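Shared chain: chain A. Partners: chain B in the first complex, chain C in the second.
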Partner chain A sequence: MAEVRIEGLTKYFGDTCAVNQLNLVVRDGDLVVLLGPSGCGKTTTMRCVAGLERPTYGDIYIGETRVNDLEPRERDVALVFQSYALYPHFTAFDNIAYPLRLRKTPKDEIERRVRDVAEMLGITHTLERPPGLCSGGEQQRIALGRAIVREPVVFLMDEPLSNIDALLRVYMRAEIKRLQHELGTTMIYVTHDQVEGMTMADQIAVMNEGTLQQLGTPSEIYDMPANNFVARFVGSTPMNFIPGALRKENGKTVHKSDQFVIPVDNEMAHRAAELCPGGVCTLGVRPEEIRFTMDEDGANQAGVFLLEPLGSETILDIEKEGLLLKVKDVAATQVREGDVLSLSFNRFHLFDDETGAAIR
Partner chain B sequence: MTVQQTVSPLPGQGATSANSVTTQPPPPQGMWSELFSFRDNRLGVLLIVPSLLALILVQFYPIVYNFWLILTSEKGEWIGLANLSRLTRDTIFHGALIFSLKMGIVVVPMCLLVGLGLALLVHSDYAGRKAIWISILIIPLMVSEIVAGMMWKIMYHPTLGLVNVPLAAVGLEPIIWLVKADTAFIALCVVEIWRISPLAFLLLYAGLNQVPRDIYEAAAVDGATRWRAFWDMTLPYIRPMFAIATILVFVWSTRTIGTIAATTQGGPGRATWNLSWYIYGMSFQRLKPHYASAAVLVMLLMTYIAGTIFVRYLWVERRSR
Partner chain C sequence: MAQSEARETATTETVPLPVEMAVQERRFNLRKLLVVIVLYLAAFWTLVPMYWVAISSIKSLRDLAHIPPRFFPTDPRLDAWVTIFERRILENVYNSLVVATLATIICLVISVPAAYAATRMRLPFKFVAIVVGLMGLVALLPPIASAIPLFLLGSDLGIIDEKYTLIILYTVLNTAFAVWVLRGTFMDVPMDVEEAALMDGDTRFGAVRRILLPLIFPSLFSIAILLFIFNWNEYIIALYFVNSMKTMTLPIAIQAQIPQHELDWGVVSAAGTIAVFPVLVAAFTLQRFLVRGLTFGVASGQ
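Right, the complex of A and B next:
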């Protein structure tokens, strides 16, 4: 078990910069999720840690050892591939046993450890079969077993759940999290699925275009996004953005847009004046932080044009003068399409239009 | 491993719904009865008749005709197995058979080695434009046996040939390659290796391209060296291609005739007679096609047995442990 330290990691493929000046510390025993859209550099980062890619610049440490010049086999990391990369000509048993065989583990110990792992993952019945005759979920567990069996210092997971069906995915992500907690092994988990990231991670590192956008616990990432990219990317119903500017009206600061006038408290107004002198900023508010009443005379009125019932809650699609807002209605109110609502904004974030950074 | 907790069954697994009783189609009654249930497949059977006829004409008729030739004399009289028993006493035939086998034993492993080496080189990241390499490397395949033989005959020329140039450079006497039995054998093997290696290369290169890249990465992370990964991942994967390459190279090298015709003409003496040259000479020079047909049968059997052995020992799926 070990800490993974990534210092100034930069990786070029030809002229394309896949990872740019990445600094990241994964504490010993933590599960860190690298989260970001496709092509954001998360897989490249992980492959650099595994030793499958050489960093163009920067250093990677596993424990106290600088591993830049070590071959993958010398790093003692285990990698679960998105494609599983099982050895099709071996049986499941041989797949799991292979890393142990390479380490010249005695035969009876291999037998015992493979059976233990298989039992732990519930795949004992597949051991004599080649992977081609196993279901997707079983293949996924065989790949996990191959990683677990050698008790590496770091687990690396490259979107391991993206090829299995939705129901099994929900089940397996809890399973992987439980395994990681029980084994206590450091894990770097790559995914583009923000729900997976939120549910599994001790820490989430959100990446975009090769750079780290924010590192924090899931609740930090959700409640205090560092910039508008993180705010937009995290959240199953995305955050609403209202472009506008901060203005003084009757001695009070408000965020004024073409559609709404939203009062801003003094503290935030003060910081905004410091950080964003022009006052041009976008207001971001999560769908569950918008309150509404059916009051016809209230401020900030807008019409409902679509209802999206999800069972436990309903998403109201609200439109005003070209601006679309999604509002979560958890109280099962009797709103119907065409109703006019009066909106109030409970908690919101302000993002500098120039830099995209959050004002706080 | 310290954790000893088992996983509960997956949601939706194990339980089958009670009211999912559906009528199942009847079990199949075997391939043949299905194929020839004329009522269902009338059109299908009609459609394969032309190719079946063509197959009979070009495949089975010559084989059957060959057997008829063996069992009769040049005058058309029935002589039973006399032609075959005569073969067992024919020392020239024995020499040709041994020469063919010797050639196979040298040429097959060399072609596979050269082919595999070339395939690995072209498949590696070091080879830039692979298409260019492939088109250059398969040129020998495109050259006819006779042309290849003529070319190499010039190269083996004692004074003018390229092959003796390096020998002369280090002050050695030129070797008159095609005149002595043992050097002629080596010279012919070299021509055959040059001519047939590209076939092994093509097949093995195709095999290498089927190996998924990610299993090499998985093996590297699991702790395998490059050599170990080649042994554990590459070789088992290209095994079927190896079997096919072995059979084809064996057949190509043992049946060669053009190369011999263009270089040694079977000489010196009868030192480089192989089965094809023997059969050709027996049929068209000594005009004994019936007797030659017996040799054809032996050649066919030899190839068939060798092929079966190669398939059995090379093509079997690996089950380690």
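Right, the complex of A and C next:
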């Protein structure tokens, strides 16, 4: 068990910069999710921690040890690959036992520890089979078993759930989180699936184009996105963005766009004036933060053009003068396509158009 | 995966695969019949010369000279075989075995690490492309093109008519081919599996020995057998470098059975039969391993 500290990590492949000046501290026992679109540098970061890539610049510490120059085998970290990377010519038992055999563990102890881990993961029945004859879910667990059995100081997971079907994924997500809690081992988990990130993480590190965008708890990331990239990337129904500018109207600040006029409270207006002198900024609002009434003569009217029922809730697709908004209707109101609604915006964020940074 | 699918769709247009034939079982099918006939013709075409050589070695002189040719010996005898053993053919077999086996093993010992480096190490792409390209070129070069310069070099060094010279030459000439083929094999094994071994605590060498090589063993074995057959059959280089019974390999020995005046086809055929035998054994083993290699890949494929 150990803390992982990444300081100024930069990794170039030829002329391409995969990771740029990354600073990140993973506290001992935490599950940190590296979240970002493909090509954002999250896997490269993890491979640097694993020792499969060498950083171009920067330092990586596991516990108190600087590990830059250590081989993977000297770092005592376990990695679960996206493809599982099981050894096809070994049985499941031998797959799990492999790290122990390399450490010259006594035979009876290997036997005991492999059986324990297999029982914990519910794969005792597969132990005598080669991985090729196991189902995807079983292979996944064998790969987990191989990582767990040697009790490493850090777990690294590289999109371990992306190759199994959706139902099993929801189940395994919880399973991995439970295991991590039980073992108390530090874990770095790489994924591009924001739902996985939100549900599993103690801390989420959102990355884009090789740089860290925001580090925070899932609720911090969701409720207080640091910039418009984080705001857009996190949330299963994405945030709505309304480009416009801040203006004074009747002594009050409003966010004025081609479609809507949205009042901004004084505190936010004050900070916006400091941070974004031109006042040009984009308003971001989550689908569940838009309230609506069927009021025909209220402010900010817009028409519903499509309903997306999801069972427990319905997504209303609203269009006004070329701007599309998604609104979550949890109350199962009787809105129909073609209805005109009057919208009000409950909680929203403002993003500086130049830097993309949130104003707060 | 995509490749095999493409191949399947391509073949359905022309010739059905055995698997497909099994699926369409019982339904009489003209196409199927045609395929079987073509396959039998091909088998006949390939096997008849071998049969002919074997049968000629036990034919009497009368049968050998008979026109039209006789497919079955009327008066089989072992005279030719007695003669060939009297001429110490077993020494030639021994020479061929030693040269072919050692050259195969040494060639693999050199080309496995070379092919590994060409696929796994992050070398500049251009460098790898040039080296591997040149090797491919060498592999395609006709042996006669290098035989004469090599002979001159060999006689300057005074190593003509030595078994080890043949072993060195066969090793060198086959390395390019072996690296080329092995490189393809290595590229088929995902990097992940080796990296997993590194993460599990293995050294790079250990990962290659315990994970990579066992995984590609069927292919490795197939390549070894191919190399062995190449070495076993090699004639041109041996022709230049063999001077005496001490080094004479089988292909040269067979040639030596054809004297200036009186040609005994029986003896030549007996020598030929001996030469074909190991190749046949190798080919059958190879076939079994090729099949195993294929299914192995399917079982482990994700």
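Everything below uses one rule, namely that the second predicted complex is superposed on the first by the 360 of 360 C-alpha atoms of A that agree within 3 Å, B and C clash if a C-alpha of one lies under 4 Å from a C-alpha of the other, contacts with A are read in each partner's own complex, and residues count from 1 in each chain.
Here, a residue touches a chain if its C-beta (ideal position, glycine included) is under 8 Å from a C-beta of that chain, and two chains touch if they have at least 3 such contacts.
Predicted model, so just to flag it, every value in this text is computed and none were measured.
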Joint occupancy of chain A by chain B and chain C, clash or fit: clash
Which superposed partner A:Arg103 touches (first chain B, second chain C, both, neither): both
Partner chain(s) touched by A:Phe155 [first = chain B, second = chain C, both, neither]: neither
Chain A residues touched - chain C or chain B, whichever exceeds: B
Chain B versus chain C as contact partner of A:Phe345, first or second or both or neither: neither
Partner chain in contact with A:Phe81 - chain B first, chain C second, else both or neither: both
Which superposed partner A:Phe292 touches (first chain B, second chain C, both, neither): neither
Partner chain(s) touched by A:Phe93 [first = chain B, second = chain C, both, neither]: first
Contacts of A:Asn163 with chain B and chain C, given as first, second, both or neither: second
Which of chain B and chain C A:Pro131 touches, first, second, both or neither: second
First, second, both or neither for A:Leu179, with chain B first and chain C second: first
Chain B/chain C common contact set on chain A: 50-52, 71-73, 77-79, 81, 83, 85-89, 98-99, 102-103, 146, 150
Residues of chain A touching chain B in the complex: 50-52, 71-73, 77-79, 81, 83, 85-91, 93-94, 97-99, 102-103, 113, 116-117, 119-122, 137, 146, 148-151, 167-168, 171, 175, 179, 182-183
Of chain A, residues touching chain C in the complex: 50-52, 71-73, 77-79, 81-89, 98-99, 102-103, 130-133, 146, 150, 163
Residue ranges of chain C touching chain A (in the complex, touch as defined): 190, 192-193, 195-203, 206, 211, 214-215, 296, 299-302
Residue ranges of chain B touching chain A (in the complex, touch as defined): 1, 3-12, 212, 214-215, 217-225, 228, 232-233, 236-237, 317-321
